[in-house]
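What follows is a group of structures, each given as structure tokens.
In what follows, chain A forms one complex with chain B and a second complex with chain C.
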Partner chain A sequence: MNRKLENGLWRHALSLMTATALSVALVLPGATMAAPATADVSKTGLAVTDTTVTVGILHSLTGTMAISETGSVEAEKLAIDQINEMGGILGRKIEVITEDGASDWPTFAEKARKLLVQDKVATVFGCWTSASRKAALPVFEKENGLLYYPTFYEGLEQSHNVIYTGQEATQQILDGLNWVAKEKGAKTFYLIGSDYIWPRTSMKIARKHIENVLGGKVVGEEYAPLGHTQFGSIINKIRLKKPDVIYAAVVGGSNVAWFKQLKAAGITGDKQTLLTISVTEDEVLGIGGENLVGFYSIMKYFMPVENENNKKFIAAFKAKYGDDSVIGDVTQAAYLGPWLWKAAVEKAGSFDVDKVVAASPGIELTTAPEGYVKVHENHHLWSKARIGQWQADGQVKIVYESDLIEPNPFPEGYQ
Partner chain B sequence: MKAIYNNLLGGRQGVIGLALLAALIFLVLPMFLDIFRLNLVGKYLTYAFAAVSLVLIWGYGGILSLGQGVFFGLGGYCMAMFLKLEASSPENTAIQSTPGIPDFMDWNQLTQLPWFWEPFNSFPFTLFAILAVPGLLAYIIGVAMFKRRVGGVYFSIITQAIAAILTILIVGQQGLTGGINGITDLKTLHGWDIRTDSAKYLLYYINGGLLIGVILLSRFILSSKLGRLLLAMRDKEDRVRFSGYDVSNFKIFIFCVAAMISAMGGAMFTLQVGFMSPSFVGIVPSIEMVIFAAVGGRMSLIGAVYGALIVNYGKTYFSETFPELWLFLMGGLFIAVVMFFPNGLAGLYEKHGKRIMEKIKSLRRKPTPPAEKTLAAGNDTSAAAREAA
Partner chain C sequence: MGGYTLTELGSIFVMQGFAGLSLFSVLLLMALGLAIIFGQMGVINMAHGEFMTIGAYTTVMFSVLTAKFAPGFIDYYFPFAMLVSFLIAFGIGYFVEFAMIRHLYKRPLDTLLATWGLSLIMQQIFRSAFGAREVSATLPEWLLGSFQPTESIDIPLNGIFVMGLTVFVTLGVFYFLFKSRWGLRVRATTQNRIMAGAVGINTRLVDRVSFALGCGIAGIAGAAFTTITSTGPTTGTLYIVDTFLVVVFGGAASLFGTIASAFSIAQAQSIMEFFMTGSMAKVLTLLTIIGILMLRPEGLFSIKVRK
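This part shows the complex of A and B:
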């Protein structure tokens, strides 16, 4: 209170002094201000005051994607709370404006514009599906906003205005394929995904890697419409081809039908190797661990990752959102966003987007639950890949962990 | 002159209604809203095209189309294809495997532009296609349905199915259409940057002007003999048929007109919002458009515009203010409208607003009896015009 008053008085006094052109002569006599002056840390009209900085969270709170995106909102709010408890950023508490993208891509664009133009937020944590990001991206580029995007995605993108805290396609795909080829001696692969940009691009990369690097063979490639629930014909085709590995990128609600029907058809983890790039702990809640036993997922984070950061993270998350809550890969990636932003702002000494962006490459986070991450010049993170085998209780056993993988959103030879 | 005044403008009451709407769109809103909000209003007004088209076919024609989003979307996609080609010049897309084609085609391993994209390099063709493509589709649907005397609920279900089919087609053929992402990142129209504030102002006014034009056109149609036939068909189709009219032709005509009006809205939407996606084509947006018309009053062209404005403003306002509750509030609003004002806002005005207005007028004019006569006469014309207002 007192500090606020004092600051206010000083600001008032300062403006008076400037007005009367006396400011040079009367230098401030040692008023200790913890936070640097607002005029220094925000020169582009962002919503920064002497004590607060406003950020936006933009995810689907309603609609079909809400079930997936809620975890990200929770993780981002947790990180922001923790940062505020530590005293905020540059002496300013973070205030959040939450907007609902409503699982509707145009709404994401509208709300992104609202956050940037009207609320002047310093950064936005948000978007989930590629479609929502593609819809909002032109807005961020036009208004020169900053977006921390948490989801693993197809790559082929690198924007001045986006920091991608999830993994791009090569970070998830190549190591997984290498692993099944080596550990399981896999030669034939059956690719199946939901029909949109992320699975299609991922399968394109997977096919090139299987055919050109591993010397294997793709015996089938199928796409089911989003929300599809009838996998009978695809499962029959898989039985005919008898692939060594089923390589799957089915998303959302379709996952439930897909895995249940696989099990009903007798394709289970003890007889068939299946590696998926789209199932995290969040999805398993809906699918049921018993339908997945023995199948593999490749992600950068699973809850059993062993390190001190992760223990603290899980404890804090459960304390805030209940003991039953699970944390999937994207939830963890979303948790990184506010911390990476804090580090970049402090390095830049400013909230201005261009300065934060310039300061971002090279930022390291040793406190990440997944272990250690570092921001690459291409705005993606160096991170590890981990393969987990699903257990009946819906948890994974981690069977493989890679070294840090360099992000490469435009992989040569895979396009 | 008098005919124009009575038919096109809808008599005194119609003129006042239109003038109020024009004043709101062209003066009041631009004066009080910043460009961000005004751009949103511009977006709402593009939905008003679809709502107006529904007044034509549903309110007057008695044909409930649950597929108006199809035509809105087709118009929007035609415009988006032109803008996307302009944004995908070889210089802009140099990092792609195949420069010069839209980015999503490159991601889907296409190496050349599909044949049906080629004509959209031409702006005049695009303008033609915005009206012609939805018009043609409506004609085909209309001939297939109305000639066979398919109507009522069956027609609604079929239009809904077409909306679902088109969505699935667009999403499934993502190499050709952009899939679920839609066609995004549109920048310029003939080198004119549509993302700047000045462009947004200009597009807003063009949009408003077109909308007023569309309302006038609709009034012209409804106040003609065709309009009366439509009403007659809605109420007793067989009688009109037995009187020697080919009912289906009138239905096909009005359905095509409505499709083209919706398509204009779609094209303006693309220009003002900067992208187009299958989420404007499907069943949900199509039904939302019916809601705009229902809230505004399905017999009122101007009411439909207010309906679109109010519902969409409510959506934006509630979702910004109560991000976790807003769907319930919208649901409550719709239930309230249906329960308490089944004829929408226009019905509300008919019922109460007008009585109050007349009371005020009669209070003012009581001392001079002759004035009352003119008032009564005015009421007569307005009653006739009301059907077309």
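This part shows the complex of A and C:
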């Protein structure tokens, strides 16, 4: 910090940032002090000029997934604004081209190609569902683009061209199951999810862990079609099996119907332990806190995480998007993307994808709202898992926090 | 039986029966409005789901405003919200018929495209006006929780409410169509438009009111569904397939058919769901429906008309 204070320009910038309450204290390497020549930082024809660098944001702004992806777009834009206010990256301001994936997987691939081939963006922040990532992945690999992907997902993937800023399945699932087994003495589990790749893969891992490691029993495994709103029959099945724990990964509108009907059927947090991997603050807006009281979620981030970074992040987010905004797990993970990219570009001294990718493993972010994260060689993040218990007002109380967990997208014995 | 006591099995049986009935009332409530528009008028209204969404958003708005300005009133706002949902959906339906549908009566396939376009426009309007995130209404206390006739039976209160509402609306529609002068005019117009016009029935007004009424009922259905699930800009698309399924399976021109079809689909779905996974149950239900429709293309019930 001393070196920075000696520099009048930085002092000015610093006071400006504090005044606007938008500052995120960053460890700034000396490389940013003077802008290096464009020919040095971009040798592969990316959209880099002497003063700007262009990046892409690729999320669903319309269609059914817009509900979830809006928060990620907001977080990515906030991070980019903050980076620009600090002087940008390698002396260049970030310019954003936003494309709409329209909740349609082929559109994601098409727009990814447009961003990489036509716009020559230096990196893309985007994709949300596994389906959209799987659709766009071949494009990123063929055109050698770079993607920062924010969502917690099922794992079993690792690409040269993707940095995964959310949790992969083992980081979320194993700790949660260990916790209910230890704290609640749970022996029997009922698994329920929406019927697509992420819940099915997650449940597969959960079942292996329950049966092989915890010595428990899975008494039911159930998948409801996406958009399902009538859970009466499933709830009756659960009632018949009397599991110690309901383990849930229901998504979207179904999620709301599921929790409302659980409550209406008299299955509530004081009588039944329920742990879900698909409810963040974003979902609670729709579900309503009163339907979730006493149930548990496992994520890596909840709004009440206590540290200075998070306070600043929430204040900045609310200042930009309104006091009512909530920040879910994925929104926070999306916010990490631009910062991780900045750190990697500065370490590499170049925007070129291969150099940025090579520089990425080992990048640490001490300013992450979730605390501290570090990029693993497998392109996933070391991060913590947290379990929160829902309160009637839709807030969460954090009841458990793990140590940093090493990401392991290809867990042995779980496939 | 598997270590369960007789009481437990009995309770599950009762609750499972209720789950079927509850799904039946949801399907019927969705389909009633469409049965009038598609069944009586032959208009394929792809925007039907969006009229439900109008009702749902109206209820959510009502709940937000009540919580803000008259918190003491929160236990009572729901019936008013439903009434206003009906009126708003009715009004918009009336306007849509005037501005769009009436120009397309002679081109049924174009109505399909036009109303589909309308549904996309409406979804985007919802998204711009209310945001992309799903929202929920704050429900009054009397709609939450369950009714417990015995120790081990829990009957969801919102299910009972939707069921009661469905009975009420169905009776209302029957009365309107088969007992009132208006209903007489509607049926006359359906059966023979030219002749109905010749005896002095204002067939254009009949069309407009029928369409608006169908939309209004969709509004009520949307309001009622806020007790079950959340509301987002694309909520309507969740319902539209099931709705058409019920109406087509039942036989387009017959209200009894709609009821019978809603009942059989609901029972089949919920019973199969109990014994197999949800996705398999849905697949089997759809296969059965396709099979029956191949044998009886006109649906379960059909009215004999001179062709």
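As a convention for this text, the second predicted complex is superposed on the first by the 382 of 415 C-alpha atoms of A that agree within 3 Å, B and C clash if a C-alpha of one lies under 4 Å from a C-alpha of the other, contacts with A are read in each partner's own complex, and residues count from 1 in each chain.
Operating definition for what follows: a contact is a pair of C-beta atoms (placed from the backbone, for glycine too) under 8 Å apart; a residue touches a chain by one contact, two chains touch by 3 or more.
Predicted model only: the values in this text are computed from it and were never measured.
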item: Combined model on chain A where chain B meets chain C, clash or fit; value: fit
item: Which superposed partner A:Gln230 touches (first chain B, second chain C, both, neither); value: second
item: Which superposed partner A:Ala333 touches (first chain B, second chain C, both, neither); value: neither
item: Touching partner for A:Leu275 - first (chain B), second (chain C), both, neither; value: neither
item: Which of chain B and chain C A:Gly286 touches, first, second, both or neither; value: second
item: Touched partner set for A:Ile387, first chain B, second chain C, both or neither; value: neither
item: Chain B versus chain C as contact partner of A:Asp195, first or second or both or neither; value: both
item: Partner chain in contact with A:Leu156 - chain B first, chain C second, else both or neither; value: first
item: First, second, both or neither for A:Phe410, with chain B first and chain C second; value: first
item: Which superposed partner A:Val305 touches (first chain B, second chain C, both, neither); value: neither
item: Smallest separation in angstrom, by C-alpha atoms, between chain B and chain C in the superposition; value: 5
item: Doubly contacted residues of chain A, that is, touched by chain B and again by chain C; value: 61-62, 195, 225
item: Of chain C, residues touching chain A in the complex; value: 4, 8, 12, 15-16, 18-20, 22-23, 26, 124, 127, 131-136, 138, 144-146, 148, 154, 156-159, 225, 227-230, 232-235, 237-238, 269-271, 273-274, 277-279, 281-282
item: Residue ranges of chain A touching chain B (in the complex, touch as defined); value: 61-62, 98-100, 102, 104-107, 109-111, 113-114, 117-118, 130-131, 134-135, 137-138, 142, 154, 156, 195-197, 200-201, 204, 225-226, 410, 415
item: Complex contacts: residues of chain B adjacent to chain A; value: 34, 36, 39-40, 43, 95, 97, 104, 107-109, 168, 171-172, 174, 179-182, 184-187, 195, 273-275, 277, 279-280, 316, 319-320, 323-324, 326-327
item: Residues of chain A defined as touching chain C within the complex; value: 61-64, 66-67, 70, 195, 222-225, 227-230, 232-237, 239-240, 253-254, 256-257, 260-261, 263-266, 282, 285-288, 290
